[in-house]
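Below: one structure, written as structure tokens.
Each chain carries a letter (A, B, C and D) given by its place in the written order, and its residues are counted from 1.
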Amino acid sequence: MEFDYSPKVKELQAKLLAFFDKHIYPNEKRFYAEIQANREAGNVWVPVKLIEELKPLAREQGLWNLFLPRSPRAPQGLSNLEYAPLCEIMGRVPWSAEVFNCAAPDTGNMETLERYASEELKDKWLEPLLAGEIRSAFLMTEPAVASSDATNIECRIERDGNEYVINGTKWWSSGAGDPRCKVYIVMGKTDPEAGRHEQQSMIVVPADTPGITVKRFLPVFGYDDAPHGHMEIELKNVRVPVGNILLGEGRGFEIAQGRLGPGRIHHCMRSIGVAERALELLCQRALKRVAFGKPVAAQGVTRERIAEARCEIEMARLLTLKAAYMMDTVGNKIAKAEIAMIKVVAPNMALKVIDWAIQVHGAAGVSGDTPLANWWAHQRTLRLADGPDEVHRNAIAKLELAKHMNLNPNEIDMPVTRGF
Amino acid sequence: MEFDYSPKVKELQAKLLAFFDKHIYPNEKRFYAEIQANREAGNVWVPVKLIEELKPLAREQGLWNLFLPRSPRAPQGLSNLEYAPLCEIMGRVPWSAEVFNCAAPDTGNMETLERYASEELKDKWLEPLLAGEIRSAFLMTEPAVASSDATNIECRIERDGNEYVINGTKWWSSGAGDPRCKVYIVMGKTDPEAGRHEQQSMIVVPADTPGITVKRFLPVFGYDDAPHGHMEIELKNVRVPVGNILLGEGRGFEIAQGRLGPGRIHHCMRSIGVAERALELLCQRALKRVAFGKPVAAQGVTRERIAEARCEIEMARLLTLKAAYMMDTVGNKIAKAEIAMIKVVAPNMALKVIDWAIQVHGAAGVSGDTPLANWWAHQRTLRLADGPDEVHRNAIAKLELAKHMNLNPNEIDMPVTRGF
Amino acid sequence: MEFDYSPKVKELQAKLLAFFDKHIYPNEKRFYAEIQANREAGNVWVPVKLIEELKPLAREQGLWNLFLPRSPRAPQGLSNLEYAPLCEIMGRVPWSAEVFNCAAPDTGNMETLERYASEELKDKWLEPLLAGEIRSAFLMTEPAVASSDATNIECRIERDGNEYVINGTKWWSSGAGDPRCKVYIVMGKTDPEAGRHEQQSMIVVPADTPGITVKRFLPVFGYDDAPHGHMEIELKNVRVPVGNILLGEGRGFEIAQGRLGPGRIHHCMRSIGVAERALELLCQRALKRVAFGKPVAAQGVTRERIAEARCEIEMARLLTLKAAYMMDTVGNKIAKAEIAMIKVVAPNMALKVIDWAIQVHGAAGVSGDTPLANWWAHQRTLRLADGPDEVHRNAIAKLELAKHMNLNPNEIDMPVTRGF
Amino acid sequence: MEFDYSPKVKELQAKLLAFFDKHIYPNEKRFYAEIQANREAGNVWVPVKLIEELKPLAREQGLWNLFLPRSPRAPQGLSNLEYAPLCEIMGRVPWSAEVFNCAAPDTGNMETLERYASEELKDKWLEPLLAGEIRSAFLMTEPAVASSDATNIECRIERDGNEYVINGTKWWSSGAGDPRCKVYIVMGKTDPEAGRHEQQSMIVVPADTPGITVKRFLPVFGYDDAPHGHMEIELKNVRVPVGNILLGEGRGFEIAQGRLGPGRIHHCMRSIGVAERALELLCQRALKRVAFGKPVAAQGVTRERIAEARCEIEMARLLTLKAAYMMDTVGNKIAKAEIAMIKVVAPNMALKVIDWAIQVHGAAGVSGDTPLANWWAHQRTLRLADGPDEVHRNAIAKLELAKHMNLNPNEIDMPVTRGF
């Protein structure tokens, strides 16, 4: 047992932090200002120039695709334990992940393609994604059913000769607002009569396929999250070649299982990063703001919250790192309890810390003058995205109870859930 | 002791609920749609036609200025205890209060004018406000200082012959976005050398006085709250006649004390109303949404939250009604502990209930497809508006400790705080 | 709506508080000292002389059987709303209730006998109970089954000619440790084949009937609660006359429903009283104990807790009074949601307040040098006694959900539960 | 970074667990039964035979003094990181630590003697302590002052020729009830005029020195914790040789700083162990107890709590292990934030888990039929022992704020506090 980061990780952290000091922190206001200018100019759904400027710089320094596990197309890939502390740093400025080509949902989509797509599909879609030339979306959740139980999903994928015909309505397809979003991975039912976990498949769908309509964006607590965007998308008789199916019919849940672990841990690391940042802002404001004759930092209530925040951040980080370690050493399947735990713990912790930071900032905290309200809104979605807390707590409890029954925990699956 | 509403109140409740069934609930979507259309048309800062349509209907039915205490200009005025359950109903649809000319900050401004303004000022400003022809704003909070401690306020009001000259920057001047907002009540220092609570005064300032610049709106989470708007306003050598001062120089804190009680209790009643509504939405969704083979309403966690919500709503309502009763019977000054208690309790309770409702709605809950996220954002501001929780809890504790010291609780003032 | 106590209640409060000042508070230490002396002398299960001394004084002043509703044998009986604030005062010194013949479980047993027993049984058992000459116990909970679901109860009551033969093991028969405890009311199954809620009956059993063995006392967090005592009692072929059955075979649940409401509300009022007292002790200690250069009362954390405690006590009291009002005006059946709510709210609130008081007292708080630890232990049992929180929350939720279904809330019963 | 225990630790864990299976778990009831028999026989303050039987077995297997860091007299000593998981196992049965000569306060006293005592004192007191032949107590807390701020301590240690004369009253001298307790380490003021942190000294005092009176035991909730016992001790003109002073006059705080870290971490590890055990009992009971037609384990509320418990236990353990790692690698002084964090986190977590376990056990949970109530009472003291939560949270906050000021965290001391 050892609690220090490896020299390799420390070096990457230092490099990434230096990049932040030079290119990210100084541009935080510019990012929002550029989007606001686009909004006022009448079209907010355009790529952010700042990001495009910074991407080549990051790539040059090797701060690129850090999320990608070692694989034929990514020989320098990092382990989860190595990536985690880097991902945490990116969480400190939520829009920064894209600069390093480490933004969701591209990361999950790239991993999925890397593992389950044909070489042809990889050449066509994985390569430009790895190069940061295009973006992608993941179409799973549906407005009509409780997707917290993914077996509810109703989108149909029906074979018709050499094509699959797709019909359904998806929403919360995050990133599909970006004009560079060129490809979707769609989950739907190929066989509604099959076993509960064998009905679904995943299929690759080019965004410009006829029959696809992006109907509207979904705001999050008033934010449009442009140009990323969370879209509602209608698929009407959308036809793609049979080769676009991933892994084979009925294997959608299997893919989801593989995909969900890393996706969840990335979110958690970023939640920890944003919580650290919120605590910094809290402390700085509390030290300089005076009320009733003393700095807010001298008040007992503020102190209690700072201490609680520090405790909870530390613990959430350690649990997340342990989950990463287990994913690397014993595999995502065995690590499923730990993944479910951090999935619940990290955003709830971050929400608490950000809320305390808002309170110390007074009304500035709920406005756009600090990033706190925006961070809070995003973290709030993470108690639902990839499955609501309640579904994951239930899974953790089942695994715990299994220890006292004659059950094999390996037979209890990680919940496939989007919570939306 | 008696826990039933009076026949008079029951009749008003029935009338108001009937109005809601006929005119408010059916128009909930239209309200947001109209504003969205204005936004898309390039100017969101215009009055909402729907409101203007409904105002005459409400007035016709006597559902008008219900907030106003009995007074020479409002002989039919209601007591706080009578108004509270009506205000709660308005809280169920937050934009509805204006339909009944019961919206903040006009209510507080009207009460302030009614109590402390000269007859001349009343004729000029109170009458059109009572008639719902103009709107108003209250300029207290400042960006540069912690207004949670109102003695920090720095805006200067200096006498120069027959005029006062005002200089300062205010923000969170809610309602000042509305083009109908014609008058401000401004708080500032007339004598920075006077005693801590005698430095400040309040003064009436027409919105079109030279030297006034509305600089920007402040979003709340991602909402612009148009056309109401929370504005930052600069006052530069703004000149008004000396007669515009309310009550006299140095009496700003005294007015604030009188004004804050009713304002706080109105917010609380509306918080209770919105919490009731959120619980309704929660139950309705939980009954019809199925996950893992049963309705969400059948899950133990949902049940626990419904029960907790019901308990907390009931208790917050009773405490608010008791505070209203005390304001009516022993006065705002004696009721200050109760007012501080509900100020803390009500929005925290509402936030909890709305958050649970969001969770049951999944991603729809954080979007614009339900009003929940918007309600949550608004309630979150109420933990800061009129003073942060922490300031009020401190005041409650001081009053409690005073019981065990040889202190006269009458000498402990209600906190004058805006928390921003 | 009116929040003041009636003149009659105020007079009784004043009288009772005067009695406390004169006879109860000055004897608090003596009570525990007397029991400790008995313990050291080798038999702690003897009546407390102090109580016997004070009973005639209380009776003389008309502070006797205050709990009893108006009825033929108690023409001066009080309403629930009238009794509630008196019961709260008794809660300030938990052992004091017996001085006024208002102690559980005698109160519930007297009410049950008054309502459901034959005149003969009343003469024999109710009269000496009303006179405070004997005590009683209620034998419902069983060690072998989850009594939170009272349908689980297994004790058998079988008719054999003119007698019922009772077999079973009961525990948590509180008060059965007292040598003056002369009569039990026993719940058990007369017909295990009947409908779920028609299997059980209640029967009166003299404590000295052959076949009864008091096996042991059950400690509560290390306390023996002597001489009251929570006993485990074995009933082996215990025979009583058929006339001892209450109301008739199969009507045990019906009686339980009638009995449980008042019992629960009494507990709640006492919880509120003890919480008030804990808050007093907290404030007094915080004002005089100095750490890190200032009184504990000056520390922000202490202040926050005092304020929270005051808010929660006020709200729990109001909800309890409202429940009492409803029991008086619309009946226990309609008031069942309110009764369930206070059943959950009051002890949880009291536990929180007492815990904070313990923390301010440091190690003295967990010891016998303050009554806080003992109070805490007792309140902790109230989250289980008469049914665990979870069962009551479930009942509240069912009633809430029923509003949105086509269900008649009258058909949802109050949970018959002992939670043990 | 690595999250697996070392092979050496795994071997010791296996050995210790085997010892538990063979000798500890099967004797849990006997332990309490033996003490109860002593109590009933009239003297509970006698050593427990069971412990004495088991000690040689543990020693034989090398499971002895595991707590002791590597040192001249303990060449096989373990690091904190190695000991932590073993200490956790002992926490599963709180009385078991003594079997392995790893019980507080002997462990802290042995470490203190080992580091700071003369060879003569070591021969006389450390050797028999290491051999488990005698026990010891630590006399720091005083009833008259808030010992949460240890500068308040008033006991006087005055030099008189070749002796020190000690006068004072101490309480919560845990273990001093045991007749084998032969030596005390006493903290008191040698120079009340010195700097705030140079007034105090520590001195070794044989328990049979004239002038010492053990006045009474202090119960914890209703438990006497015999034969260990928490005693109040009067020291009246107690004379010991000058050589008994540890390290020198005025260095009491320095010693306290060194002693407190390990003591706190041991408590935390045991809290984690007892929480694990409580969760086991919770799960087992929930699986076999049926209410309302299904096992309690199938109810959503139970599931939520199990999941929360698992998350919080894991996180508290990781933070504690990290603190141990830091103590080993960078020293107690640098690790002070982590030590303060676990000091707060671990007992609060354990209390929550045990409380949930009690709730699932119903009334059995608060009685003596499960160890849960006793465990809870003990954990509750740990929110005060070695300093109340509030003092430690304040210390954590100060360290956090120091990061944003120009402060050297090394100059912020670990709080010397007993919280009593």
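Here is the rule we use: a contact is a pair of C-beta atoms (placed from the backbone, for glycine too) under 8 Å apart; a residue touches a chain by one contact, two chains touch by 3 or more.
If you want to know which protein each chain is, UniProt gives these names: A, B, C, D = Acyl-CoA dehydrogenase.
These figures come from a predicted structure and were not determined experimentally.
Undergrad: Starting at chain A (Acyl-CoA dehydrogenase), how many touch steps does it take at minimum to reach chain C (Acyl-CoA dehydrogenase)?
TA: Steps on the shortest route: 1.
Undergrad: Among all other chains, pick the one whose mean CA position is farthest from the mean CA position of chain B (Acyl-CoA dehydrogenase).
TA: So the farthest one, by centre of C-alpha atoms, is D.
Undergrad: Just give me the whole-number Å value for how far the CA centre of chain B (Acyl-CoA dehydrogenase) lies from that of chain C (Acyl-CoA dehydrogenase).
TA: 43
Undergrad: Based only on mean CA positions, could you tell me how far chain A (Acyl-CoA dehydrogenase) sits from chain B (Acyl-CoA dehydrogenase) in angstrom?
TA: Inter-chain centre distance comes to 38 Å.
Undergrad: Could you grab the centroid distance between chain B (Acyl-CoA dehydrogenase) and chain D (Acyl-CoA dehydrogenase)? Build each centroid from C-alpha atoms only and quote it in angstrom.
TA: 53
Undergrad: Please list all residues of chain C (Acyl-CoA dehydrogenase) that touch 2 or more other chains.
TA: 299-304, 390
Undergrad: Would you tell me which residues of chain B (Acyl-CoA dehydrogenase) are touching chain D (Acyl-CoA dehydrogenase) in their complex?
TA: 299-304
Undergrad: Which residues of chain D (Acyl-CoA dehydrogenase) touch chain C (Acyl-CoA dehydrogenase) once you look at their complex with the stated criterion?
TA: Those residues of chain D (Acyl-CoA dehydrogenase) that touch chain C (Acyl-CoA dehydrogenase) are 141, 143, 146-149, 152, 171-172, 218-224, 230, 289-292, 296, 299, 301, 358-359, 362-369, 373-374, 376-377, 380-381, 383-385, 388-391, 419-420.
Undergrad: Under the stated contact criterion, what part of chain C (Acyl-CoA dehydrogenase) meets chain B (Acyl-CoA dehydrogenase) in this complex?
TA: The touching residues are 1-6, 9, 81, 279-280, 283-284, 286-287, 297, 300, 302-304, 306-308, 310-311, 314-316, 318-319, 321-322, 325-326, 329, 337-338, 341, 344-345, 390, 392-398, 400-401, 403-405.
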